[in-house]
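Read the structure below first, then the notes.
Chain lettering (A, B, C and D) follows the sequence in which the chains are written, and residue indices restart at 1 in each chain.
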Amino acid sequence: MRIGYYPGCSLLGSSREFDESVRALAGALGLELVQVPDWNCCGASSAHVLDHKLSLALPARILAQAEAAGLEEILAPCAACYNRLASARDALDKDPVLAREMEKVIGRPATHKVRVVNILEVLDRFKDTLPGLLKVPFAHKVACYYGCLLVRPAKVLHFDRAEDPQSMDRLAAAAGAAPLDWNYKTECCGAAFSVTRTDLVARLSGKIVADAVRAGAEAILVACPMCQSNLDMRRTESNAYLGADHQIPVLFITQALGLALGIDANRLGLQRHMVPATFAPAAV
Amino acid sequence: MTDSFEPKITAFVCNWCTYAGADLTGTSRIKYASNVRVLRLPCTGRIDFMLLAKAFSRGADGIIVSGCHPNDCHYTSGNYHARRRWMVYRDLMDFMGLDTRRITFSWVSAAEGARWAELVNEVTVAVRALGPYTDYRELALTGVE
Amino acid sequence: MSRIGVFTCHCGENIGATVDCAKVAACTRNVPGVVHSVDYKYMCSDPGQTLIKEAIKEHNLTGVVVAACSPRMHEPTFRAAVAEAGLNPYLCEMANLREHCSWVHGKADATTDKAADLIRVMVEKVKHNEPLHPIKVPVTKRALVLGGGIAGIQAALDIANCGHQVVLVEKSPSIGGHMSQLSETFPTLDCSQCILTPRMVEAARHPNLTLMTYAELEKLEGFIGNFKATIRKKARQLDEKLCTGCGLCTTKCPQKKIPDEFNEGLGRRGAIYVPFPQAVPNKPVIDKANCTFYRSGKCKVCEKVCPTGAIRFDQQDELVTLDIGAIVLATGFKVMRTDKFPEYGYGKYPDVIDGLQFERLASASGPTLGAMQRPSDGKAPETVVFVACSGSRDRSKGVPYCSKICCMYTAKHAMLYKHKMHHGKAYVFYMDIRSSGKDYDEFVRRAIEEDDVTYIRGRVSRIYEEDGRLVVKGADTLMGGEPVEIKADLVVLATAVQAQDGSEELAQKLHVSYDPYHFFAESHPKLKPVETNTAGIFLAGACQAPRDIPETVAQASGAAAKVAALFSRDELTREPQVAVVNRLPAPMFSYCVGCFLCQSACPYQAIEQEEIRGRDGSLLKTLAKVNAGLCQGCGTCVATCRTKAIDIQGFSNEQIFAELMTL
Amino acid sequence: MAGVTYATTTESLAAQVRQHLGVNLSHCYQCGKCAAGCPVAEDMDMTSCRLLRLLQLQQPALDQRVLASEGIWLCLTCETCSTRCPQEVEVAKVMDFVRSEAIARDVAHPRSRDILSFHRAFLDSIRTTGRLYEIGLVADYKVRSRHVLKDVALAPKMYLRGKLPLLPHLIKGRDEVKRIFQRTLGRRR
C-alpha cells in the first residue's frame, strides 16, 4: 500500500519521535510513505488566527504539490496539520470562487481534490493485519486522548464521533492495551498557547493528566504533537498547577503500536520524552 | 429576445396542495409575476398529455404542473401517477419536437405559500429567456394537433 | 344557448384596491354567452347574495360565475345561494380574484387583465357544467379509536356515551398509556393513577365499548361512513375467557430479569406478565422473545400453575375485520431517549435518566415504591439536576419545536423531589419557562419560592461521571454566561416529545398527512384542529403535537363530538365530483374497451367490472364501472383512459379544454 | 443598552459575519451552551454567548466592546462551542472573524500582544524558510514579547532530546511561499 506523506514542521523538530514512530510502524505494516515534494508549513493556528486567506493559501500549495506528484491521498500525522489541510480542502471544494482565487495566490491551477487523512484513519485500515503482527502486547491500561483537532469541526472532518470517539481506543485494544473510559478524551489541552499562556496550558493539560490518572491509566496515548508536548513537556507546569507529581507518560499511538509489534523503543523515539516512557518490550 | 416579451404561463395544479398553497401565497400577501393562469384540477393525477399539448397550442409559452409532495397526495398516489406519466410523455414530446424545457414539474404543499411565488417567478424568468413559443403554435395552426 | 351571469366582488379593498372591478365587469359583458355582469362591494354579504339570486330569476341564467375569493373559501356559500334561486348549485363556479390575483400582484393593468382572464376561464367552464346531484351514502355507526391512552379512552367513552358503538384498539397489553406511568400531575399534584384508573375501568365495563388490547390496525379501506378496518389481535398465548387474572403464572415465571417497559427499564418483569397492577384488562401476555419455552422448548411453568388452564402456547395472531364509520387517531407520543445525547454520555450513565423514568422513580407504584433512589446504586440523591429543553428547540438534534410539557413537568419533578427529600438540592437548567395555562405559572413560582428549587438560565454543555457522581457543566446566562459546574447524584433530562414510532407508516395506511416530524397534521390549524384531511378520520392528543393532559382530554372530547355529529345522520351526502364511465346505446354501449388500466391506477379500488349481456345472456362486452361510493374524484383514471370513456363530473375533459381554449 | 445604532444595516459586525461567513447570529437564542463547554470561559472578560449577544444588538458601542475584549484572544479555537450549539451557530468561526477585524481595525486588546507576537514570529519564520524554524521562532518571540527568560530551562532539555534542530529547513519553493504571503497578508506584519 502506498500513501502520500506530509510530516509537517513539528515532526521534524519538537515531535521527531512521532515522525520516527510513524515511519517505523509504516515499515512494519508494509505501508509506503511518499513524502509530498518540497512541502511547506500549513500555517498552523498562527495563520488561522492572523489571516483567513493565508490559512487557506499555505495548505492550498501543499495540496497542489501533492496533486502534482500524482498523489490522491496524503497522510498528515500531526493533528494540527491534518485539521488545517482538511479544512482548507473542504473550503476550496465547497467554494469554486475561493478555489480560483487561491489558484491565483499560489500561482498555479489545482483541483484540491487530494484527500487528507489522519494517522488513526490510516492505521484503522490495518485492523485486520495488526493482531497477526503482534509480538509484545502493549498490556497497559491506557487513556486515549484525541484532543480537538482530530474530531472537530465534525461537519468538516467527518471522522469518528465528536463526543467520546472510539477509533484510537480500538487501535489500542488491537495492540493489546486496555483502553479506559475517561472524561477528558476531547477536552482542549491549551493548544498553541504553550509558549504564550503557559498558565492556561498548565491548567487545561493538568486537568487532562489528572483525569487520566484518576481513571487508573498507566499511559496517555495521543495522535497530536501539540497535545503530546503540552501533556509531556509542560508536565512540570501542570504538576505545579495540580500540586501533584504525576509521572504518567504520554505516548503517540504509533509508539504504543510500535512497541506491540516489537520495534525497538529508541527507533520509536521513546528516549526523547520529557516524562520518561520506559516500556522496554520484554523480548519474547 | 425583446425585454418587453411577457410569457404566458399556464399552471395545472391540484386542488388540495398547490391550489391551497397558492391561496396561502395570497393570504400571506406575497407578490409574484402576474404571467401565470392557474387551472384547478382535483389532482395532478388527472393531468394528461393532451392538456399540455393544448395549452401550448393555445399560446402558452410555459407550463407549470404542480401537486402535492410525495406521500402527501390527498388521493395517496395521484402525484406518483402524474410523475410516472410525465417521464413517458417527456420522451414522446422530445420526439415530437416539443420544447420540454418549457414544462416545469414541481411540488408545492398547502403550507408553501412562499414556494409557490418562487416557483412562478423562476419559471417566468426562465421562459422569458426562452422567448415566445411560436414554433408549436404554427404547427398547431397548420392543424397538427 | 347558455346565459351566464358574472358577479365581480370588490371584497372591500381586498380586490378593489389592485383590480379595477368595474372595468372587469364591463369587459366581461362582451364575453359571448354572458348576459349579465355586475360588480359589488361584498358579494358574500346578504345583499350581495340577493343580487345574485335576483339576477338568476330576472335574466333566467343558466350558469353563474362569482369572481371573488378562493373557491376553497366561499364556493359552498355561493352554491347554496344559487340553489335557493332554483338553479342547480353545480352550475355556479368561482373565479379566484383575491388569493390568486389582487393579493399577489400590484395595482396594474396587467392585474386587471389577469382578473378578466380568470373570469373568462370560468365562464367557459360554466358553459359546459352539467347539473349534478349530491351522492348519498349510508353511515356505519361504529367508531374505531386507535390508541388506549387518556386521549383514546376519553374519546371512546364520550362516543360510547352518545350511544354509539366504539372499538378501542391499543397495541400494548393494557390501556392507560403514558398517563398511567405518571406519578402525580401538574398543576394540582393529584395522583395520576387515582384519576385515570376509574376511567380505564369505566372503559372496560361500558356496554357500547369494545376493548381490543395487544392489537394493531393492519389495514384500512373505504371512506367516511364506510371504512373497513382489519385489526391484528396479537396472540397473548392465553384464553382470555378462562383467565381470571389471578397472577399466579406471573409470580411463578422463572424469567425474572427482563427490563420492564412500564417502569421504563428501571424495574424487572417475567416473560409472562401484566404490565402493571391496575392494568385493564388485568390479563397477562407471554413475551415470546424472552420466554424460556419459546427459546428452548422447555419450561411451561405458567401452564402447570394456571388453575384454569388458560395458557395457550399454540395460539396464533388473529385478524378481525370491522365495518367502521369514523376513526379517532390517538396514538400518542414517545420521548427522546438519553442515548441520543452524545454530550451527556450517549446514555451510558445509569444515573442520567429521562422524565418518564423519573416519573416511575417518584411513583408510589414504581420500582422503588416512590422512594428517591438512583438507578445505579439505590443511593438517595442529595443533589439532583433537571435539564429542561433536552433535545427540544434543538435543530442540531432535529427537533426545532418546543415539547410544551417539559417546563411544567420539570417544575413538578423538582417539587416532588424536594417534597420527598427536604434537605436535598434541586437545580433546574432552563432556557425559557413556558407555563401559560390555568394555575401553571403559579405552580412554577411555587417550586422556586416555596420549595426552593434553584433555577439556572442556561443549557448544559456536558455531563460526565467522576467518582460516582455526575459532573454537570452548564452556564448561567443571567450572569453573562458564567460557567456553572454542579456535582450531582442524579440528572433528569426533560427529553423531547416525539411522534410515536411507526407514525409515518400508520399515516400512510390511513391516508392522513403528517408534518416533517411525523406528527399527524390537522386539516386546518385553527378551524379544523381535530379533523384530518381525510374525511371521517379525527385526531386526539399528542399524536398531533406535544400536548398536556388537559388539552389532550379537551381535544379528545372534541374529536368525539365530531364523530357523534357524523353518526347523528343516517346517510351522508357527498360531493358528486366523481368519475363516470360513459354509456352509449347498443351495440357500442360505451367508448370503454375494457382494458381496465383505470382499475390498476385507481387508489380507491373504486372501479368495478360490469358485464353487458345480450338478451340470450351471452356476454357482449365487459366495461369499467365506477362505484360512486368509493370514488374520491382524483381523476387519475381519466388520464389513463385511452378512449376517454371515463370522465370526472365537475372537472370533465370538456370543461377543462373549454378553460384552456380561453387562454 | 445605548440607543445609538448604525446608519446602514450593513455596517454592523453581525451583518458582516452574515455576509462573509454566512452565519446568521439571530439564530443564537442565548442558551449559553457554548460558554458552558468553553475551556477558557472562566478566564474571559466576555464569554462567547455574551459576545454573541452584544453582536446581535448591532450597535457601534457594543461592537467596539467586542473587538476590544481580551476574551477573543483566549479562544483556543477548540470548536467545542460550534460542535455543541443547538442552533448550529458556528461560534468559533465568529471568533476568528472578530479577531481578524480587531487586528484590521487595530483595536486588539493590549494583552493580545504576546499572543499576536508569537503568531507573527511563527509566520515570519515560515515566510522566510517555508517551514517552521522552532529555535528561530522562540528567539524571535522572546525579542518581540520581551519574555527573554521564559522557558530557558526547557530549551536545553529539548535540545538534548534532539527536539530542537539548530538549522532551519529551507524549502525550494521559498519564493512561492513569499509570494503567497505578499498576495494574502500584503505588507501587513
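Here is the rule we use: a contact is a pair of C-beta atoms (placed from the backbone, for glycine too) under 8 Å apart; a residue touches a chain by one contact, two chains touch by 3 or more.
Since the structure is predicted, the reported quantities are computational estimates derived from the model, not experimental observations.
Enquirer: Select, from all pairs of chains, the pair with the highest number of C-beta pairs in contact.
Expert: A-D
Enquirer: Taking the mean of the C-alpha atoms as each chain's centre, how many Å separate subunit A from subunit B?
Expert: Averaging C-alpha atoms per chain gives centres 56 Å apart.
Enquirer: Quick check: how many Å separate the C-alpha centres of subunit A and subunit C?
Expert: Computed from C-alpha means, the inter-chain centre distance equals 52 Å.
Enquirer: Distance-wise, how many Å sit between the C-alpha centres of subunit B and subunit C, to the nearest whole number?
Expert: Computed value for the inter-centroid distance: 32 Å.
Enquirer: Which parts of subunit C, given as residue numbers and ranges, touch two or more other chains?
Expert: Within subunit C, residues 343 contact more than one other chain.
Enquirer: Which residue numbers or ranges of subunit D touch two or more of the other chains?
Expert: Touching at least two other chains: 80.
Enquirer: Where does subunit B touch two or more other chains at once, residue-wise?
Expert: As it turns out, subunit B has no residue touching two or more other chains.
Enquirer: Looking at which chains touch which, would you call it a line, ring, star, complete or other?
Expert: Basically it's none of the tidy shapes, so other.
Enquirer: So which chains actually touch one another? I want all the pairs, not just one.
Expert: A-C, A-D, B-C, C-D
Enquirer: Which of the residues in subunit A end up touching subunit D in this complex?
Expert: Answer in residue numbers: 9-10, 12-16, 38-41, 43-54, 57-58, 61, 65, 104-107, 148, 152-154, 162-163, 186-188, 190-193, 195-198, 200, 204, 233, 271-274.
Enquirer: Name, in rising order, each residue of subunit D that touches subunit A in their complex.
Expert: Touching subunit A: residues 39-40, 43, 74, 76-80, 82-83, 90, 92, 96, 99-100, 103, 114-116, 118-120, 122-123, 126, 130-132, 134, 138, 141, 145, 150-151, 154, 157-158, 161-165, 169, 171-173, 176-177, 179-181, 183-185, 188 of subunit D.
Enquirer: Looking at the complex, which residues from subunit C come into contact with subunit A?
Expert: Residues of subunit C touching subunit A: 342-343, 345-346, 348, 464-467, 471.
Enquirer: Using the touch definition up top, name the residues of subunit B that touch subunit C in the complex.
Expert: 6, 8, 10, 15-16, 19-20, 22-23, 25-27, 29-32, 34, 37-43, 45-48, 51, 54-55, 58-60, 71-72, 74-78, 81-82, 85, 117
Enquirer: Could you pull out which subunit D residues touch subunit C in their complex?
Expert: 29-38, 41-42, 46-50, 80, 84-88
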